[in-house]
Every structure is written in structure tokens, then in C-alpha cells.
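Please read through the structure below; I'll follow up with questions.
Labels for the chains are A, B, C, D and E, by order of writing; each one numbers its residues from 1.
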Amino acid sequence: MDKQKWEPKIVAFVCNWCTYTGADLAGTSRMKYPANTKMIRVMCSGSIDPVFILKAFERGADGVLISGCHPNDCHYNAGNFHARRRWDFFHELLDFIGIEKGRLQFSWISASEGKKFADVISKVTKDIKALGPFTDYQKMNSEFTAFFPEETAEDHEVLNKVEEIV
Amino acid sequence: MKDLREHTRELLEKGEIAAVIGYRQVSEMRTKPVIVTDPADAEHLVFNEYCLNNLAVYLTKARIKALCRTKDKTLKLAITAKPCDVHSIVALIQENQIHRKDIHIISFNCHGVVKDFGCEFNGDNLASKCITCETHKPLYFDKIFGEEKETPKASDQALARIQELESMTHKERFEFFKGEFDRCIKCYACRAVCPLCYCQRCITDKAIPRWIESSSHQRGNFSWNIVRAFHLSARCTGCGECERACPADIPLTLLNRRMAIEAKRSFSYVSGRSLETPTLVGSFNEKDSDELFM
Amino acid sequence: MNYGYFPGCSQTGSAKEYDISLRRVIDKLGVSFDEIEDWSCCGATSAHATNHKLSTALAMRNIMLAEQQGMESIIAPCAACYNRLIMSQFEIANHSGVKQETEKLLSSKFLKDIKVFNVLELFLKIGINKIAENRKRELSDLKVACYYGCLLVRPAAITKFDDAEQPTSMEKIVESTGAHTIDWNYKVECCGAAHSIARRDIVVDLSKNIIDDARAHGANVMAVACPMCHTNLDMRQRAMRRKYPGHEEFPVLYLTELIGLALGMNERELGIDLHYIDFKYADSALENSIANKMG
Amino acid sequence: MSANTSKDTKKLQPSFVTSPPAPDSCQNTYNNSDHTQKHTVADEISERTFQDVSLCYQCGKCSAGCPIRYYMDIAPNKVVRLIQLGYYDEALKSETPWLCAGCLTCSTRCPKEFDLAKFMDAVREIAIEKGVEVKQKNIIKFHQAFLDQIRKHGRSYEVGLVAEYKMKTLDLLQDIDSAPGLYLKGKLGILPHNIKDRKVIKNIFKKTKNKTDNRDTESTY
Amino acid sequence: MTVRVLPGSVKIFSGVEYSTDYKYMCSDPGQNLIKEAIHKYRLDAIVVGSCSPHMHERTFRNAAVSAGINPFMVEIANLREHCSWVHDDIESSTHKAIELVRMAIEKVKRDKPLTKINVPVTKRVLVIGGGIAGIQAALDVANAGYEVVLVEKEPSIGGHMSQLSETFPTLDCSQCILTPRMVEVHQHPKIKLLSYSEVVKVEGFIGNFKVTIKKKARHINEDLCSGCGLCITKCPIKKKAYNSFEEDLAFRSAIYIPFPQAIPNIPVIDETVCTYYKTGKCGMCVKVCDRQAIDFDQKDTMLVADIGAIIVATGFKLYSIDKKSADSKYKGYGEYGYGKYRDVIDGLQFERIASASGPTSGEIKRPSDGKEPKKIAFIQCVGSRDDSKGISYCSKICCMYTAKQAMLYKHKVHDGEAYIFYMDIRAGGKMYEEFVRRAIEEDDVKYIRGRVSRIYEKNGKYIVKGEDTIAGMPVEIEADMIVLATAMIPQDNAADLARTIGVPYDKYGFYNESHPKLKPVESTTAGIFLAGACQSPKDIPESVAMASAAACKTIILLSSDTLEREPVVAKVNEDLCAGCFYCKKVCPFGAVEVKDVKDINGIVYKEVAYINQGVCQGCGTCTATCLSKSIELAGFNNEEIFAEIAAL
């Protein structure tokens, strides 16, 4: 892919009750934001395992966003508080290992904050664009897949076919 | 030393304990762990600056636990533990791996151990965890031996290393760790010696779905080392056994120490120091910093 | 603690007595400080009124000097200087752009966090019981209106040492001298500050209000901790009388002078004789009676 | 948004009259929609004070508590309002910012935590830079005289200050009652105290110079 | 986004048997398309690329069920709210849509059939709070035939409404309309009233709560007391305790009934002032009580009740301008004197002064010297709409109650002047705007737009420094009395109670509704409903409406014998569980239990976690915390999520 056309690939793990609903609201309100982010819905921000993030990086993500309910607004009362502690450590750890803090971002977005959702996605996309492709990890990925083909590898052909149809 | 042997022999003879997990001298500057079940063997037990192993790791082993189970009652397990090893024991108790009532902690006033077998005990050869150690007297024990002695002075190179790394750019740090992790052969020695890696089945052994690539390719190595450090963050008591056991000399304590610094800085928490404080993982405070979140 | 001293320009001129009395009182209480060498203007009023970058750079130059001279904290007795210094620090700490810019202007980097104290904080740090212990005179016949002015306690979020609307720290200090304090309404009202020269009319009105309210609440003297306030409240009383013929003179003292009196010093030592409004205390008959009582 | 900015008209026109001011001059920074938009005075103020002028909801508490309110031509909150609406000329020409003593009463009590004193600082700065005619001449002359002293000596030199101010204002009689007194009491030094490192002060002045001196150049918005 | 290319594109992905598009998939013909396809191609799972799962997931699952496949083998790719409606660029959004569908395909391939969980329902309702909202809700539920336990922390029900003088916009007497309802509660056979009691613990889940209630010691035997009030008249302690019902404008005795119409009409002894508790002597009340109802040794008692649903109606309190402690999120008003001026009062105090049953018998007198104020200033938005003091929201009712109070003042003091300092007049409501205009036009109340900066006392008058922002003129008023329209804020212990009962709350402490539009009376915790001002500031009609709505929702819940629950719950792999019990520590619902694993000799050799499926709400926090990954959340298991990530 040539550099100018490069678009970051971003994964967002969002909780079902607040952020996902906030994203719905952004949609209903026809707010616009870049299409780079794909969302994975989980029940609570407390249920997102750090390995999910590593997996996302392994699958070529350039950035990850984690989003849940505001403190004290958690559908499950406390899931987001546990998440907050967990991410504090994981974020520091990634930073120490040499992964820019901007690659992994966090937010609290409530069900009524459609505007904030659109803003956050735009900001994260902008930030990740500024950081550029996550070549460090992607290099490891390509080296790895050269030895151990993954399910996704075969799918490249499929995706190319899709490209043709489109 | 005599006291230690007599004490354990007595306990074993009385039948109060099933076994003693202790150290035995194998050469002048080397010890190895030993499980004593026969009172007669108590005479092999030693404690000195060469007792490097963190014996707490054995407390969770099923075969050793099995020693304690008799038909009618559960016997205690005695363990000789350095004050720093007691931290691990505290963490294990907090994580429900052992019960305080089931163990008999024999500890010592400690003034440090050497960094490796065969080194003479002095300031240059002090194990890095001993340089910053603040608990020369165990926090929890049932029996204590030894006199209080001065710890030799040495400079905290590990901290300096962390600071040096932090002053680097992300790119440089990434390359640094890439270089280090590159040597990992996924032997899991770090996991085997860690008292807190007690899971019967480690996450890395889970195949459906595959959590961590098991080949020793760089990508899997990254995942493994990140996950290992993350699982130990706010839990690791800093015994340093992982790094000592690592055949590839990967500086694992850098990561552990960095996470411990984070626990202390953001939550004023040090793992394994108190049975009364709730563990940092598994608890929360509404007033925790919200800085990370947009 | 190694206190650095930042007198401020006024203390070298029209507020000389503030400088004199502060040094004497501090000395008596067994505390010392070193004047920051080669200090310059803090950037107050004119600079920050017209050019923010200039005023931040001017203020931070002094903090940089203190840092370079190995000081950990700075005493800034002038409320305006104090305010300028902490506000600049706040900007530097909160806006990285400002920090970089200022560092570039001063061609040096900020490494330490220098704490800036005002004179109230200084006395609270020294300990008010220390004043009470060293008291040579009981100022019990004084009913003091403690005047904070604008800049000592504002903005409370940054000064962080007393309430911005109903402060009480100066009262505590004044009461340790044995004097009484009164509760009044104009503690934190503005005296007109830097308009002293260019818009004297405003200053005269505002200061007159302050003095009247103090008098109405039973005060017979006012304590201030700012040279600008003192200029407006003391020196401008003559102009006040010209505009409001019924105006009666009202003595206005620096807080340090008041403490000095309690510690047994006389007016000349403290520079009270340099005021426009006469205030005779040590020479009065009262003095004798107190001396008798105590002695 | 058509740009009606009076580059060619010498007299600054209220921008609202011919073209509505930018209502979205305070757009959320996240918004990535690409408005090629002008840098307005409101933007400039927001940048300098690190706070958005749209914060103000015009409750008037600042004006209510302002000790100098009675001397001002327009209320402080109205200055903010003018800036919010884009009446920049009216705001910059007002005496109010110049009369503001910076006592922080408004900033302390503001329910929106809007630092109005800082806002006034920025308005003055911009008025100077744009060369706006200021009615409160004495105040600006005082500030100039004051800064001159610092530029020259590193510290304020009261005798020089008063002398220079009098020269600028030709108001020789003012302060006649205080200055001689100050001399008599020995408070005013006859000679200024020069700090040693005056170079650095001069350098600061030079580098931070705003357009105070370029008063003749045409001002543009 | 180009929909027409989607079916062809996604058909290529492995496992996809059939794909098609239709304009309204949720319509009957659309659903029929799905059903037909299931039959025709013998599908075992379906992916619908449509609107948000929050909209039509249920519709599509039902369609799947009617075609014979498990409802949990349906995944929704949100192509509307998350794609077509938010992206303008056709190409990139089409790509995104394909990827979203692909993720859903990968997930559905790993989905497992699940069955819903059935739980029984206890047909008893707990209402927390006995203000007008609690009273209304309790009566509605009880009248539907269900048992109600009404818990009130004060000695009497009635809440804030019982303190009010008249109500806007009708100016009818508050107590006159409230007290009949209070009596009704007292006499209702289905309502058990627990006054002077607090909820201390809530366990369990929808339909099956176990609630522990602390009944505080009144020191009166409620069964014996006849409410004659003789003890109160004889109590020697008369002026040691402020009467909180009168908002501290009057005193009360040590043994007291909060107000004459109190329900239950049983006194309480205030231990902090009663001589008996201080010196062990006195006992005057014991002597005069001929029914021996006084019991000094009475202790707090705990009651446990089985409850099916909970209605929370804990109400509000008023912001006080006092100086707040350093850790408080509020600041207090130093510029208004931090409450040191006695004639600067708040809205509720004015209500008591204006009330015919109040300390002045309804005559307007100022607290400091009892004189009639000739000039009165009302200040609106005190506390509210003030970011700096900690409350950003509009307290909603103050505009109206201030207009009412100014009107009451003018009706009682004909030669008086009333000024109202306001920022905006928010009079949205039936007859509200007319009411405010009446205050201005008929009663000559002077409205001044501008926030007051400072109040200080001068010669017995209070100087109000304001600015008329409309005229652009500074205003100073010398008033005799000031009434601050202080904001409604959550009760002091709102956050604690929220944690006890398990409802989320916002940054202020107001309880969160489940959906701001469509579920305004449900809390996000199933089986717990909200009524009144505990959710946000409300006036009386709104509180009553909300209470009735909550009661209605509760009745719906109780009308069936069992409940179906989503089977999204966590399950432990006991073989692999290491027994660290971090899951137990993090579980917000206490669903994790310790299970012993025994060897052949019956000796416990291992403890593992066990998840009570009835209690688990399915948040999955345990799954992420579990170090050995021995817990999986049904419907969102790790394999499914990994597949989604892999499909990116």
C-alpha cells in the first residue's frame, strides 16, 4: 500500500451498555467520523482482556480504543473500576516496552454522548494517523506469518475477490 | 543453625508438620532446596547468604500439598523463608493458595544474599533485590532465627537501568526489548520458579483459542513476556527468581520492577506486605486516577 | 528550609519600611533568609497587563535565579509579586508550550519545583506560637482590621492556603500579638492597586470605602501585607481628605510592623515613622503601663 | 463564511454589521471537518488564555462584584459578550479592559471558572498589538513608563517612573502631595538601582516585544 | 455505502451458504426471507447486517426461533448506526460494512446454542423513601394487590412536600393535599410501613432480592404508644435541639414528633440531647406515659425481607451555602457569607416561614430579630449552574418556587418590595409561564437579570451587589432578608445507598435511569426502579408521575410467576481453576462462590470458584481477571472474540 493512501486500522472494544449505545446515538444523530475503526462489542469494559489488544496488534491493528461507561455509571456497578486499574498497568507496561501510548487509548462514553463518541473516534484516528503505521509489530507479524500461515492469510485471496466485486 | 535444625526436628517428631521445605548446602558457595520429611534429615538444613531459591514456589505444588493430607487431618507444612520470600507467602495466602494456619513459617533476620552461587558475599555481589530491601526482619513468621546484621552497601543499578530506558524514545525501547525477547526460547523457566505462577494450566498452554503463540518466534515471545509481566503486575513481590532462572539472561525484573513502581506510585501499593490490605488486583477505589480516559 | 528572599521593587523604595520590618521581625524570631542575588522585577501589573509572555518571563527569571542559587523556596512579601510568581509557575506547569517558550527566553531549564510563600504563609510556617512566646508587648488595646487585598488569597485554586472569600489566616497571626481582630466586610475588596498614579480618583474612592468599613466595625488600625495596598490606603489618605473633607486619619500598618511592635521594637526601628499617617504606640503612656504590668 | 475583514477600510468596522461573526469560532478540537476558517480575535484570546470565550454564559456575576465597575464604560461581562458575538472593535476600544485592576474578584467567583482577569489581559495585549486607540491614555502611559524603568534598570525605579509618566502625560501637578513627602521620608532613592544582568532583561523585552511600538502600521483583523 | 455489492462479497467467506439483501429486513416480509432461507438452505446460524442490535436483535432472534434455530445463533452486524449513517465516503464505508459482516460471521460460526434461564419471582415490593414519590408508588403497587414494604429513614413519612407552604402554580396548600395520602399509606392493609429505618444490605437479583433493613431505636414501643403527646409537653428539654422539620428555625424537645400530622404519630427520643442518656436521671416521659410505651433500652433491630422488586424514591436535599470540608465536591458560598448571616435563608426555610403551621404561624418575619422584612431579595441559581461550586446542572424547580415565594411574600407584606435576581427564567410546564408573569405583572415582583456577586451586612441591612445585565447597570439593594434559591442535590448518602442497593449513579450522585428516553424509570439493574428526585431534580407532579410509572413497571414484573433471563452468564472450568478467587473479588454481584473439590477420601484438596447462574449478570469482569482463563462468558466467549479480532 503506498504511503499516501495508508489508512490506519483501528479496533475499538466497547461495552454494550454505554459506548455501544453512544455509538448508536452518534449514528441516529448522523454524526460523521472516519471509517477506520471497527467495533467489537463486549458486555462490560471490565471484561476486556489485555491479550485482546495484543491479538489486535498481531492481526495488524495500528491502534486500539477501549471504551466503557463513566465511573459510577457502569451497568454492572463496578466493572469499569476494575478495568481502570487493569489498564493503568497495561498502558504503562506497553509504554515501557516501547509501544507509544497513543496506540492504545481509553475513554468513557455514556449512552447519551453520541457527540463525544464521534469526537473520540475522530481524535483517535487522527492520533494514530500521526503515529503512522505500526510497523514495529507488523514486521513481526509478517515474519511470523511467513513461517506459520494464519487463517487470515488464506483470506487475503478472498478479500482480493471481494475487492473485485466491489 | 543448630536452633533451626533442632526446631524442625522437634516439629517433625511431634508430628505437627508433614514436611519442611528448606535449603541444604551442596558445596561451599551453593545450596539447593530440599524437602525434609524424616526428622533425621533435619540436620542437613542450613540458612546462609547462599540460600537463593524462593521456596514459596513449592507451597502450591500438588505433590507437596499431598504430603499434608492424611485421612483424619491436615498437617502443617513448614517452610524456611527469607523475609523477602515471606512476601511471596503473603501474596499466596491473599490469593487463597494456602491458608496461614496450614503453614509454619521459619524465617531469619536477613542481611542479603549473593546474586549467584559461587560468588563471595560482599557489596559487589549482592543480589539486586537486596540492595533496596527494606524488610530485613520478616513481616510474618512463626519462628525466627539469626541476628540482625548490616547489609553491604551497593548501588541500585536496576533502577538506573529503568530510568535510562525511560529516557529513550519508544522506538529505541522497542528495539531494546525486541533484542532481549529475541533470545527467549519459551522454556518457561521463569514461570516454573515464580511462586505466583501457580496456575495448573497457564494461559500460554491454552490452545482453543490460542492465547499466546507457543513457538519461540519473536511475536509469540513478545506476547508471552508482556502477558507474564502484566499478570504479575501489582502481584510480583520482586524475588527476582525469574531472571535468575532465565537461561537466556532476559532482564525480566526490569519489567516486574517497572510495574511495581507503577503500583507504588499510582496506588501506594506494594505486593505481599500485608495480609490485611486487599490485593490491588481485584479491588478498586472510586478515587483512582481517571487520567487515562478521555 | 533554605528560604530565598524576593523583596520586590517597592521594598527598595516606597515600601522600604516593609522590608526593614520584615527583616527585623524574622531575625527576632530566629529565622533567616538569603536575598535572591540580582533579582529583577516580577512582571507585575504593567507587564502582565500588557504583555503576558513578558511578565511570565520576568517572573520566572527570578524563580530560575533562586533555583540556580540553591534555594528551595522563595518568600515574596509583596502580594503582587507573590501572585505573579505563583501564577507564572502555574502557567508553566500547566501549559507545556509556555514552559518551553519561557525556558528558551531564559536559555535555561526549570528542574526543581520552587515553592513560593507569601508573608502569611511564612508566619504560619514559622509558627504563630513563636510570636506569642517572644511577645514583649501586649497589643490588647488594638482592634485590627486585617486587610488581605486581592492578590494574597486569589485565586484560591492556585494559592491554596486560605479561603478566597472569608480568609482567616492573618487574623490568627495578628491575634498572636495579643491584639484583637474584627470581622468586617472589605477584607478582600480591591483598593485600586496599580491605578494609584494613573487613576488616583478610583483609588481614593475604593480605599476610602475600605477604611470606612474597617472603622464602622470598630477597628482602630488596619494591617496589610502588600506595598501597593499600603500606598493606596496610607499615602492616599491626604487625597481622600481633599475629596471627602470629613475623612479622619486612620493608621495603616504592615503586618510585620504590628508583629514588630509586639516583639518589643519601636516605631523607628520598624519604619512606622515613614508612614503618612502617624501611628505612635511604643512611646505612648500605654506602653509604660504595659511595661509595668509585665515587668 | 464570506470574509468581510476590512483590510482596505482604515476604520475598523463592527464585523457583525456586514457579515455575521463566526458562530463556530470555538469549535471542538476533535472536529476534523475541514473548515478553512479565519483566525479570529476570539480564537486568539482563547489561545492566549487557554480558555474558550464561549464558556461565559453571561450571568453578570463578574460585573456585579467588580470594584471598578462604576468607572467603566461597559460592564466586564459585556466585553466578553462583544467578543463572543464578534464585535471585536467595540470590545477592543472599550475602556473597561484598561480599567480592570486585575484583582481577580471576578475570576474567583465565576461560576464557569472563566478567568476574566486573564481574558482582560489578553484583550489589552491584542488592543496594543492592533494599535487600537485607547481612551484611557494615562493608564497606558503609566504602563509604558513602568516597563521602561524595568527595561532600563531591571527593577522599577519609582522616581524615574513618576518623572517619565509626568513627561508622557504632562500632568505635572498630580502626586505633588506625595512625592515630596516620599523624598523627605527618605524612601525614594535619588539614583536607580541597576541589576547586574540587564542584558537578559533587555533580551526578554526584545523577544517578547508586542506591537506596541508599531502603532503607525495599519492594523488588520 | 453500497448495499447491493454486499451479498455477493460476503458470500465468498467460508461457511456462508446464502446471502441476500432486502430493504426492510425487520419487516414481516424481511423476516420471512430469513425463515425461508433457513429452511431452504438448512442454515444453522444467521448474520443480519442491519441496524443496531439494541433495536432489532430480539426481532431477528424470534424469527430464527420460529424457523427452528436457537436464538443465540443470530449475530447482528450494525451496518446502519455504526456505518452507513456515520460515514460519507462510499468506498471506505462499503469496505467497513463487509468487514463488520465478516466479524459477525466469524463470531456466529463459534456461537453455541444457549437456553434462557428461568427464575421465580417474589411478589413483594420494597419502596425506599416515604416522600411523595414513595407514597405514590407504594399506594399504586398496594392497590394492585401486592405487598409493599415502605422504608423511611425519618420518624415520619411525608418528605420535603410536608414542609412546603403552598405549591406552584395553583397556590394550594401542600399539606392539605399530602396528608390524606399519608393516612392512606398508614391504613393500607397491604403496606408495611417501616419508619425511622434504613436499608443496609441488598442481596440477590431481580425477583429474588433479600433485603436487610435496620430499624433504628425510637426508644418507644410502637405497639403501646397511643400518640397522645403528653411526654412531649412534659419533656424538660425544650431548647437544646434545633427542629430539623422547621429547618432549624425553631427548637424541639428531646422526645418529639416531627410535625403534628406525622405518620406514624409516634414520638422519637433524641439520644444526643435527652437528659436520661446523659446523666441517667430524668425519665419524665416514663412517668407521664400511662401506657408504659417508653423504652430507654430499645436497640436497633435488623429485619430481613424477601423482595421481588425495589422502587428507589430517596429524594433530594438542598445545597447549603456553608463552608464545605476540603474533600467535599461542593465548595459553599464565601461571597454570600458561608451562612453566617441569619437573615440569609434558603428556600425551604422560607417555606417554613410562609407556612401557617410554621414557626411564625405564616407571618413573614426575619429570623434575626423577628421584624417584618420590607425589602426582600431572592437569589436564584445558588449552587446550581455553577461549575465552580460543583453543580453544573439546572436545578429545575427554583425558578418556579422563587416566583411562588415572592408572590406569597407580596400577598402577606403588601407594602414590601421583592426583587428576584435570576439568570434565566425556566418556566416550562403547564401554567408555569403564566404563573411567573402573574408574579411580575400582578404582584409587582422585580426581576433583575444577573447573578449576585456578594452579600454583606451593613447596619442591619444586607447589601446585595448585583448587575442588571439587561440594562448594563450595576445594582445594589439594601435588603432586610435574602432568600437563596439553593439547588436540589442528591442526599448525603446517595452514593453509599446506590452501592448498597446496586444502582449506578452519575457524577453528582443522582441515580441513572436505564435509558434516557425509553426506560426513564428503570435503573440499569434489573428489578430496581426509580421514582422522584433521586434520579434528577423534579417538581411534585413529575415525581408523582414517575412514581406511578415505576409502580406500573413493578406490577408488570410481579404479574408473572417466573422470569426469563438472558443466558449470558459466566461459567468456570473447574478442572483448570487455580482457586485464586480474583473472580470473587471483582464480581459486582457476589455471584462467585467457593466450591470444595474433594479427593476420594473426602478431604478437600482444592477450592475452586463456582458461579451462581441465577445471580450472575453477565458482565464478564471475572473472565478478564481470571489469570488462567478458566472462566468463559456464554455468548461472548474468548474464542468468539478472538475470531472477531482475527476477522478484522
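Heads up, the rule we're going with is that contacts are C-beta pairs under 8 Å (C-beta built on N, C-alpha and C of every residue); 3 or more make two chains touch, one makes a residue touch a chain.
Bear in mind that the values here come from a model prediction, so they are computed numbers and not experimental data.
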Common contacts of chain C and chain D?
-> E
Which other chains touch chain A while also touching chain D?
-> E
Name the chain pair with more contacting C-beta pairs, choosing from A-B and D-E.
-> A-B
Centrality ranking, top chain (CA atoms only) = E
Between chain B and chain D, what's the gap in Å when you average each chain's C-alpha atoms?
-> 64
Distance-wise, how many Å sit between the C-alpha centres of chain A and chain C, to the nearest whole number?
-> 55
Quick one: chain B and chain E, Cα centre-to-centre, how many Å?
-> 48
Centre-of-Cα separation between chain E and chain A, whole angstrom | 34
Each of the following residues of chain D touches two or more other chains, namely 105, 109
Which residue numbers or ranges of chain B touch two or more of the other chains?
-> 203, 211, 281-282
In chain A, what residues contact two or more other chains?
-> 32-34, 71-72, 78, 82, 86, 118, 120, 123
Would you pull the chain B residues touching chain A in the complex into a rising list?
-> 165-166, 170-178, 203, 211-213, 215, 217-220, 222-223, 226-227, 229-230, 233-234, 255, 258-259, 262-263, 266-267, 280-282, 284-286, 288-290, 292-294
Chain C-facing residues of chain D, complex | 48, 50, 67-68, 71, 99, 101-105, 107-109, 115, 121-122, 124-125, 128, 136, 138-144, 146-147, 150, 154-158, 162, 165, 174-175, 177-178, 181-182, 185-189, 193, 195-197, 200-201, 203-205, 207-208, 210, 212
Residues of chain E touching chain D in their complex?
-> 335, 381, 385-389, 423, 449-454, 465-469, 472, 474-475
What residues on chain B touch chain E, complex-wise?
-> 62, 65-66, 69, 71, 74, 95-97, 198-203, 206, 208-211, 231, 278-279, 281-283
Touching residues (chain side chain E, partner chain C) in the complex | 323, 333-335, 337-338, 456-458
